[in-house]
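Shared between the two complexes below is chain A, which has chain B as its partner in the first and chain C in the second.
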Partner chain A sequence: MSSSAIHYPPEHRRNFIGRLLAADTISGVKRQRMLLGYLFIAPTVIGLFVFVIGPMIGSFGLSFYKWNVFRPPEFVGLANFQRLAGDARVFLSFKTTFILVAMTVIMLEGLALALALSVYRLANRALSTFFRTAYFLPVLLSGAAVAITLGYLFNKDFGVINYYLGLLGIPKIPWLTSSDTVLFTISLTTVWRNLGFTFIIYLGGLSTMPGEILEAAEVDGAQGWQKLLRITLPLLSPTILFAAVTDIIKMLQFFDEPFIMTRGGPGDASRTVVMMMYESGFGNLDFGYGSAIALVLFAVIMIVTGIQFYLSRRWVFYG
Partner chain B sequence: MTQKLSRRDMLKLAAASAAAVGAGLVPTIRIFAAPPGQDTVTLRFQENEEQYAKVVEAFKQQFPNVNIEFVNVTGVDHAEVASKILAQLAAGQPVNIGYAATEATQLYAGEGLALALDQRVMDNKDELAEYFADVSPVLVETDLYEGSLYQLPRDFNAANMYFNTALLKEAGLEVPGEEWTKDDFVEYAKAMTGIGEGKDSFGYGWTNRLWGSWTPWFFVNDTNFLSEEKAPGGEWLWENFYAGDPNAEGRGGGYRWPAPQANNPKMVETLEFVLSLTKDGYAPEATIGGGDLLQGFFTSGKLGMTPAGGFWSGGLINAGMNVGDFDVQFWPKWVSQRHQLGVGAAWILNGAENEDQAWEFVKFSSKKEVMEMIGFFGELTGTTPVRRSMNDEKRYSKSGPANWHVFYDTVDKRPDTGPIPAPVFSIEETNIYTRYTSSATSGEMSAQAALDAMQKDLEDLYARNA
Partner chain C sequence: MATAVQNTAYKVNADVQRPRGWKGIKWTKWISLVFLTVMAIITLMPFVWVVSTSLRNSVQSFTVPPKWIPTDMDFSNYSRVFDEIPFWNQIGNSFIITLSVVVGQLVTASLAGYAFARLRFPGRNVLFTLVLATLMIPGQATIIPVFILISRGLHLNDTQWALIIPALATAFGTFLLRQYFKGIPDDYEEAALVEGANQWQIFTRIYLPLASPGMAILAVLTFNAKWNDYFSPLIFMNTKERFPITLGIVDLQGYMATGSISVVLAGIVLSTIPVIIIYILGQRYLVEGLMAGGLKG
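What follows is the complex of A and B.
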């Protein structure tokens, strides 16, 4: 019997709880410990249900209704999904989102890895701390503030960027007002703000790499690119997988930058799926349709993440 | 007897909780009110506390049992503010007294959210006579919907033309007369382009939204992207408060926009004209959003002219300009000189327990001495007061412009001035309007193609809301 177990006098065991938690049996002690465990995880589980699973179920339910806040919800069955299947703008928003994700994640992972490798090799500790801080600072900024500020900088006619390009003889670039350039501009803004986080993940991965393997490779004559491609990157592959999966999930939910910088324009050129969802729900007061878009996006994120994990078997090295 | 609390039981319990939470996510509209029997009531008021602190203080002296709780909502335009208010409503947190500009007036009225004020206005006829005598019927008609009045107008802004006087002077020009035309405007835009400190100014600039966008241009070209007509009714208001006022003649029960007509030849002509200003280099490429960017460039001498209302006079001073640095004139004449405007006012939540107290607050706030207490009607004008008597020399002495009288003359001397098109589904309508405008301004679509596509989407919108 555990010394910390609760002892119930026999008269209390008449009630159900008393009998269940009786500490004079092994199963009673186990139940007490189990209950304590459930109590500890209860705040997390309750939070999860209230803020994640509950809204997901609510959103799933809403997708079968037509609801505009003012009037009672009207059950419409699969009508929202049928409408979605024929909505060219939603398909375009998925295409736009995928292009943005591909551009952003490739730039983000490549740059973050290159910077992490450079800073990792710095012998000067003060310089290393300076760069870590400098690269991480934009992560602390509000997405809205970054988007507004960079929106001004990228303005075609009044922006500072075109001003300096003009001094070099380069004509004005419509950074945010042409469908040829708008996705690249938004991607660049997103990379600038998020680079620090991915950089820190890679730096953490590099710091935990077993030094003896790297030293052994050097003794065997591995140098430069050979060492990077055959030793460092395979050892870092679990970190790369983690960073890529989390970044892709995050980027599939692109909203702040295109919403603030372009409102999805010109036309629909930078309208992402989450913007479509927001506009359908909160702009057009069609919460059922907005929920249907949200559900499809959720399924897409699940599938993309599943594919990533499936493919990772071929290239991720867990040592 | 013992019973095991298994993981399965735990999961069952969790699933039941989640279902309960999920079910609760489709809330019924809950009216925020004090419990019955309690003397003090609280009204949730959609407004900035700083602007209304003195008003609430004065109101509390007369109605000590009414508390005002401020709900401050901001957005890039009034349509976005309305979206946020409706999101709060969806979350079961409605306001008792909201604030709606024209963009949302019919949305709230048409969906039954706002309370019709007809009976209350008539019950307080003597008290309100002075208010209506001081407010142009042009403004009041904007807040009528299907014959009923839903708001007592508080402020308005018509799109007038602002001039940067330094650029005007450098171009050798003066503020034009009231009767200036579209052709005069083009000459002004041309003359004020490529001058200024950096020789990089634009003669004219605008932003892509519903109010003050290229909307003023199709108003003066005597057209609109939605057809316009007057609803029947409203006689009770006109006969009781505006008898004998020539500007009240022919008014009805509020505006209706029964059908889209975005690709009519006059609309195409107007958009082509606006696009030509950018093509000729007189205007920068219009971007979507609020007027902050334009204000910055106007203030720094990069813009010669831009559409704005009385709200800009205080804003420009706050942004660093001085009295005399800017002036204003009517919008130039094309086929007509009909201006577009937006009117803002408080509305009362329909069905709330404290409607009477909310009405008392709205009525109290419409008194002249109370309106003078509102922050943005202070030393620097943040928006144009609807009361004629409040638009005087003293009001604009600290900010200008010299032609301050233009703000109210727009409704008194140009009584055909009307609201921006904003039917019940104005939020989605605005999205369609700005989306295809951006396709045209970016050069991705011709004016005709953009307006054809706009027309199709508007037709779908009307069909969905039929």
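What follows is the complex of A and C.
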């Protein structure tokens, strides 16, 4: 049995590792694949540990310290959070961010959905390709380029937008220079840049919707609005939830547009949470306080994600 | 494949939309066409304005009414961009940073995606859940410790490494490519084993080419995100010659706060050309990838 010459270990199996990983045995192949598995995931897992999970824990730790570059870190317990609770500017920045998120996401989801439904209905392929390309173009631009460009267009005295509104007899609107309008203007800017992205996601949701259900609804006499409200929107609800939550999380981390367009002004009227964190952490080099702000933002994002999980279990229709 | 699905969807829909004795349907069709056109105009106007104003005589660039069709053809605005900021340095930096991150992410994510999809090892599910969990952590929540690590730990502040190294591992890319590797049948591997291929060959010669659509999506999305990134360069970079171009154009505007808009807009046009080229090359993958992405919900 075992004396057969064929079963003598070949050259490469002489040493321990060679024997362990021999490709001509089933367990050897399994061990090869195991080892390869660990080697393959190593860069990603190590990278995420060092630059995401570690720093997340670090943020948590830092928020209990008073630390700037000049003095060694000093443990202060919950002092940063106490300061945060009484900091009117931080409170305002959260309020500003929530208003921006609400305005932007409502406009974004509404417009993107309307665009997707309209483009989806187009029978003309050339037209639908044209619209898809047009709406998607702003997505390619950087927040910086968009903020600069639309900042010029929204200029009160020399801006193109006020010029054309003036032709219609509308007085000059201080788009970016009044605390009443600045958030709406930044919101419009953000909608302009992100509309194509959300639109494409809705279009994707629509084009994978089962055609039979729509046809069956037609046969049953569902028309127009009824079909939209009773059939299309419920079928699309997973996509709507996904897009809305993705947009909410993205907008909660709002920075580029307000930072470049207004630097948070006039006054603090357009200062977002991330701008506050940036100023504390990198302007005043108060790493502990900056981390505390970042953690509160993280908690808000976790709550939004939690709500998403809850809603997707209870409300959303998965076909 | 996705296009095929889409085509039939269009056809089915075209049938559905045919008016059936109710004039109201035609009306809504016209209303939606008007709506689409108005939105397309709003979307495209700023592009036209940027290009035409970047070619206007810079003295009158900020006067209304705007000129939608460039008549001055003043290319001096473009040459002034090169005088005001170290444009070649900055666009070069953007290329170095963006391409390094794209290539790096393709390597790390295809390896990890393959391992999580097709190789069995103890702890695989726990580790994969951990990778997915990092998707929920916003970049801003970790930026201060990452800054401390990069600047004080590794002393890489104000170098391109500061923008490359933290971005090499990607949870999103790993997840995306894992989906692709999972969709490839096992039969290929068995056939390759019979032919005497080793595990590395099975990965590089068989599975990697089959996952290339997924890699294209990751590449295009990462290129777009990294090229346009403003926040991390703002934090890590101090020297103008080392800025990527996003910081460069904001810097250009700072210089010109009272001066010529045409020069700033010329800078924006120049800085956007590479992304437009990438979009044209990868359009199919980008749009399909995003459409598919919406389904993961």
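In this text, the second predicted complex is superposed on the first by the 279 of 319 C-alpha atoms of A that agree within 3 Å, B and C clash if a C-alpha of one lies under 4 Å from a C-alpha of the other, contacts with A are read in each partner's own complex, and residues count from 1 in each chain.
Definition applied: a residue touches a chain if its C-beta (ideal position, glycine included) is under 8 Å from a C-beta of that chain, and two chains touch if they have at least 3 such contacts.
Remember, predicted model here, so these are calculated numbers, not experimental data.
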Key: Clash or fit (per the criteria above) of chain B with chain C on chain A   = clash
Task = Quick one: classify A:P73 as touching chain B (first), chain C (second), both or neither.
result = first
Task = Report for A:G37: first if it touches chain B alone, second if chain C alone, otherwise both or neither.
result = second
Task = Would you check which partner chain A:F197 touches, where first means chain B only, second means chain C only, and both and neither mean what they say?
result = second
Chain A: partner with more touched residues, chain B or chain C = C
Message = Looking at A:G86, would you say it contacts chain B, chain C, both, or neither? Reply first, second, both or neither.
response = neither
Inquiry  = Under the stated touch criterion, which partner chain does A:P266 make contact with: chain B (first), chain C (second), both, or neither?
reply    = first
Request  = In the overlay, answer first, second, both or neither for which of chain B and chain C A:G169 touches.
outcome  = neither
Task = For A:S142, decide between first (touching chain B), second (touching chain C), both and neither.
result = second
Touching partner for A:E279 - first (chain B), second (chain C), both, neither = first
Request  = Going by the overlay, flag which of 77-85, 167-175 or 257-265 in chain C ends up clashing with chain B.
outcome  = 257-265
Ask   = Touching chain B and also chain C: which chain A residues?
value = 34, 38, 45-46, 50, 53-56, 58-59, 62, 152, 155, 158, 282, 287
Request  = Flag every residue of chain A that touches chain C in the complex, lowest number first.
outcome  = 23, 29-30, 32-34, 36-41, 43-48, 50-56, 58-59, 62, 111, 114-115, 117-123, 125, 128, 130-132, 134-145, 148-150, 152-153, 155, 158-160, 163, 192, 195-197, 200-209, 211, 214-215, 218, 223-224, 238-239, 241-243, 249, 252-253, 255-256, 260, 274, 277-278, 281-282, 287, 290-291, 294-295, 297-298, 301-302, 305, 312
Request  = Please name which positions on chain A make contact with chain B in the complex.
outcome  = 16, 19-20, 22, 25, 27-28, 31, 34-35, 38, 45-46, 49-50, 53-62, 65, 67-71, 73, 152, 155-158, 174, 176-179, 262-269, 279, 282-285, 287
Message = List the residues on chain C that touch chain A in their complex, please.
response = 5-6, 8-10, 12-14, 16-17, 22, 24-25, 28-29, 32-33, 35-36, 39-40, 42-44, 46-47, 49-50, 62-66, 107-109, 111-112, 114-116, 119-122, 124, 127, 130-131, 134, 136-149, 165-166, 168-171, 174, 193, 198-200, 203, 224, 227-231, 235, 246-247, 249-250, 253, 261, 264-265, 268, 271-272, 275-276, 279, 287, 290-297
Request  = Can you check the complex and tell me which residues of chain B touch chain A?
outcome  = 1-5, 10, 14, 17-19, 21-26, 29, 79, 83-84, 86-87, 89-90, 111-113, 202, 208, 284-285, 287-289, 293, 297, 302, 425, 427-428, 431, 434-436, 438-439, 441-445
